[in-house]
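You will see two complexes here that share chain A, one where it goes with chain B and one where it goes with chain C.
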Partner chain A sequence: MSVRILHIASNTFREVVRDRVLYNLIAFTLLMSGASILVGQISIGIERLVVVNLGLTAVSLFGMVIAIFIGIGLVSKEIEKRTLYTVLSRPVGRWEFIVGKFFGLAGTLVVNTVFMAVGVFAALLYVSGTFAWADAWILVALYFIVLQFLMITAIALLFSTFSSPLLAAVFAFSLFVIGSFAEDLRGFAAMAHGVSRILATGAAYLVPNFSSLNIITSVAHQQPVAGEFIASNSLYALVYTAMVLCGAVLIFECRNLK
Partner chain B sequence: MKPSARIRLTGSVLLGVCLVISAFALRHLDQIQSRARFDEVLYFPSPSVVKRLSLGYDGLLADVYWTRAVQYFGTKHVLGSYQYPLLGPLLEITTVLDPHLTVAYEFGANYLAPKPPYGAGMPQRAIQLAQYGIRNNPNDWRLYYNLGFIYYLELKDYAKATDAFARGAKVPDAHPFLKVMAAQMAQHAGELLMAKLLWTAAYQSTTDRDIRANAASHLRALEVQEDVNNLERLVSMYRERTGHWPASFSELEAMGILQGMPVDPLGQSYKLLPEGRVEVREPDRFPFIEKGAPAGYIPPPPKFLPSRGGA
Partner chain C sequence: MSMYAIEILGLEKTYAVGFWRKRPKSALRPLDLSVEAGEVFGFLGPNGAGKTTTLKLLMGLVFPSGGSARILGMGINDPRMKAQIGFLPEQPYFYDYLTANELLEYYAQLSGVAAKERRRKVVEVLTRVGLEDVRGTQLRKFSKGMLQRVGIAQAILHDPKVLFFDEPMSGLDPIGRREVRDLMEELKQQGKTVFFSTHILSDAESLCDRVAIIHLGELRGVGAVADLTSSVEGKVEIIWHGGAVPASLQALTSKCHLRGDTVRAVVREANQDAAIDGLRQAGIRIISVTPVRSSLEEYFVRKLKPSETAAGVRS
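After this line comes the complex of A and B, so read on.
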């Protein structure tokens, strides 16, 4: 990674961390993990399950909200404040700007997830009194959640390169919802015929597949996750993120900024 | 005081006052609105629709529906209701959202199948739920046990109950009781013995406090039934020997056919009636007794969550 990308990433990281909305969301997520203890106590027979489900869902949803709402403003805010022109007037390529922004926000999300994960494990320890070996699978679920964040950050950034923040938020959130139905879309494609089948299959492979990255329920039941599944999901998420980032770079390179 | 400070103070006081008034207003609204309005509504009755709407966060939603199912049944049970139309749909949604939530199948077997007021009186729906559970968790012996439990206790279908227990006994790490139950049933064991085996297994295998308390209540009722049968047999034996009914258990003791004063599972002595009938002193404390209650006795509505600390 070039030094210029590192600089843009670290500046983005600092800028996002300074954002008060982000702090509020972290505090709220930790609060929810704490609240899970109370919910667990009123959930008969499934206290541990509720803590894991609630904790990981909170980590995922709040991270998604952060990724979308911060990601959509990464480029447009720089254009609005006209700071983009200062950056690009230096020997910094447009692609480096986009990639730097991506890594900055992704880094922030990883740090956030680490803090939230500590909250989830603390709540789990409080409820269970001890950790079991099977609780280590929660780390895999958290890793998958981070992979989801990488994908949605890239998507939000893509829309941020050519659209207004509001529309970018709508597009990114819609893709998140569609991505959650990815398996249904593939099922629909399998049942269709002719041109519809080709179009549906194309759409099914184009939209992000978030459902295979969501293993919260199975790790809550302490079910193991196969190594091949982890490797395939990692490959898919990283390649998809790279693909969307390429798209964002291409659009931004072609965009007339005058 | 500066104008800005005065505004801040006034604003803070107003905020506090409004918060208190809104809380009181909400409390009043809760009191005047019927609870049923909230309880009887299922906005999305289709489990698959709810699953789609969960956007992948189905585990948490399953926990929410599970808690709702327990609260729905518990609240209506306490109010003495005889109808639980939403219990089936709520448990079905819960298990479609999280097919591995074993406690929901267990709850279905215990409260969906029995006749009102002890349950929703939907044994067929409870069977479908248990079968769905087995399809999704073929290695969980408790689900086969639950299925056999419904077939035996609610439908008296011994062949299907035997089949369910036998299938469950083949599951790795299955409770040894399953083999015993399958064998006993195949030998057409007495209903009392079988029922005791079933409720003992229910008591030992569950982690749910309510299901455990329910099983303990049934076991106590069965113990009473067994005691009453034995005592009435001894009383008849006394009459055969002496030609008259005993006035008290002491007479049986004096004759050497009874050792010590018989007491019920809660430690109270049994009553001996003039014509040789034996009864418990406080039938209300044994909600499921079929024998040992006064003639014409009408049990009070059962209380849900009778002993949350254990049985």
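After this line comes the complex of A and C, so read on.
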């Protein structure tokens, strides 16, 4: 990897941190503490289920909001404020800038997720008193959540290269919502006929399949996750992310920075 | 390798404007220009003339519709070339969450400055632009003038061979402007090539070896300041002894100033011989005949018709 990508990534990480984005961890801590205490008082026998469900959903939503709202400004803000001019007039390729920005935000999200994961496990320990072997599947669910973050960061970045922050937010959030129902979309496409079947299938496979990466409910019920499923989901998410990033690079390489 | 530091060959830029029916708008008509190594070159024009477009084309920020350019003999997207140039954009804005020190460290990393030299170079340039005392302050607390200094610091940080400054004096107080002028003189002494755009003509006049004048995206003139100004003005100042102005001379000039028994008159160069003959015939002793050098501003105003200037400012 180019050393310049690392410099751009670390600067992006610093930007996001200094933007006080990690303050969301305070809100998350308060949510998990409150939920743990409340669940302990009102739930009988399902405290663990509720805490895992709530905790992982919160990790996912907090991260998605950060990925979308920071991601959409990663490039457009630099163009608007013209901070990009002094970067691209140096020996920095446009692709390096895009990839560096991606890794910077992705790195922030990973760090954020690690802190939140600690919070989820702490809440689990509080309500259960001990860890079970099946709790290890929570780590897989967290890993899948990180994969979703990579995909949505790349998508937000893609929209950031050619549209305004507002439009990019609308597009990225729409794709997040549609992608959460991707499996249903594929089901609908399979029921269609003729040209509409081709179009619906194409559209269903074009949107990111977040529903396949959402295993929160199953791990909350302590169900194991197959190794092949982990491998195929990893491959899918990484290829999808790489393709979206390539699209972002292609658009940005041709863009006039007026 | 080319002897020119900057070679611009028919570089042009046309944008498509309009929402539904796109129509072409020329921001820069085919521009041919060359700047020799070690020159301080002024790129002059009113607002909206195409100066910033040209600089953005040279920096690879916008893509040309036609033509090409070479800097230090290399293409404008060659990373080896980019490691040897410095660029100060117009009204620069930087990552305001960084301190001046952090920003310059970041730019030094991107420019490929060796890790062991980075810290020293950053301190050196911050001292050079007078910001050593605020190096640990976040840029969001900087004034416009201080940001301009940071902009200059980042442009010279990696010791580039060619510098591009877009309106370098903009936002600076008189002391700051003097300092930038001194810095540019210093860069010239060091053999650097400086290409800077400005609409402040006195800056160009005092600093530049050569200037180019651009207006409405079109090159209107290029040359040494002295050559440009002498080519259009063509006036001579004649001073003679004695309080009288001969009738033959009164027809040639309306500007006669009498001080004591000395008269000073300015006549067009074409009328110089007739004026001198008239004075000699009247038996008047001529003290001096001096060509009048106009300022660059006069040249500029003459070169750009008032209506065009107004149009340029509007666009």
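Throughout what follows, the second predicted complex is superposed on the first by the 240 of 258 C-alpha atoms of A that agree within 3 Å, B and C clash if a C-alpha of one lies under 4 Å from a C-alpha of the other, contacts with A are read in each partner's own complex, and residues count from 1 in each chain.
Simple rule for what comes next: a residue touches a chain if its C-beta (ideal position, glycine included) is under 8 Å from a C-beta of that chain, and two chains touch if they have at least 3 such contacts.
Please read all numbers here as calculations on a predicted model, not as lab measurements.
When both complexes are overlaid on chain A, chain B and chain C end up sitting side by side without clashing. In the overlay built on the shared chain, the residue A:82 is in contact with chain C alone; chain B does not reach it. Contact with chain C, but none with chain B, is seen for A:90 once the two complexes are overlaid on the shared chain. In the superposed model, A:134 makes contact with neither chain B nor chain C. In the superposition on chain A, A:15 contacts chain C only, with no contact to chain B. Look at A:211: by the touch rule set out above, it reaches chain B but stays clear of chain C. With the two structures brought together on chain A, the opening angle seen from the C-alpha centre of chain A toward chain B and chain C is 150°, to the nearest 10.
Taken over all C-alpha pairs, chain B and chain C come no nearer than 22 Å in the superposed arrangement.
No residue of chain A lies in contact with both chain B in one complex and chain C in the other. Chain B contributes residues 52, 55-60, 62-63, 66-67, 70, 98, 100-101, 103, 207-210 to its touches with chain A in the complex.
Those residues of chain A whose C-beta lies close enough to touch chain B in the complex are 39, 42-46, 49-50, 52-54, 57, 60-61, 176-177, 180-181, 184, 210-211, 214, 216-218, 220-221, 223. Contacts from chain C toward chain A in the complex involve residues 15, 56, 59-63, 79-80, 82-83, 85, 87, 89, 91-95, 97-98, 102, 106-107, 109-112, 151, 154, 164. Taken together, the chain A residues at the contact with chain C in this complex read 3-4, 7-8, 11, 14-15, 18-19, 81-93, 254, 256-258.
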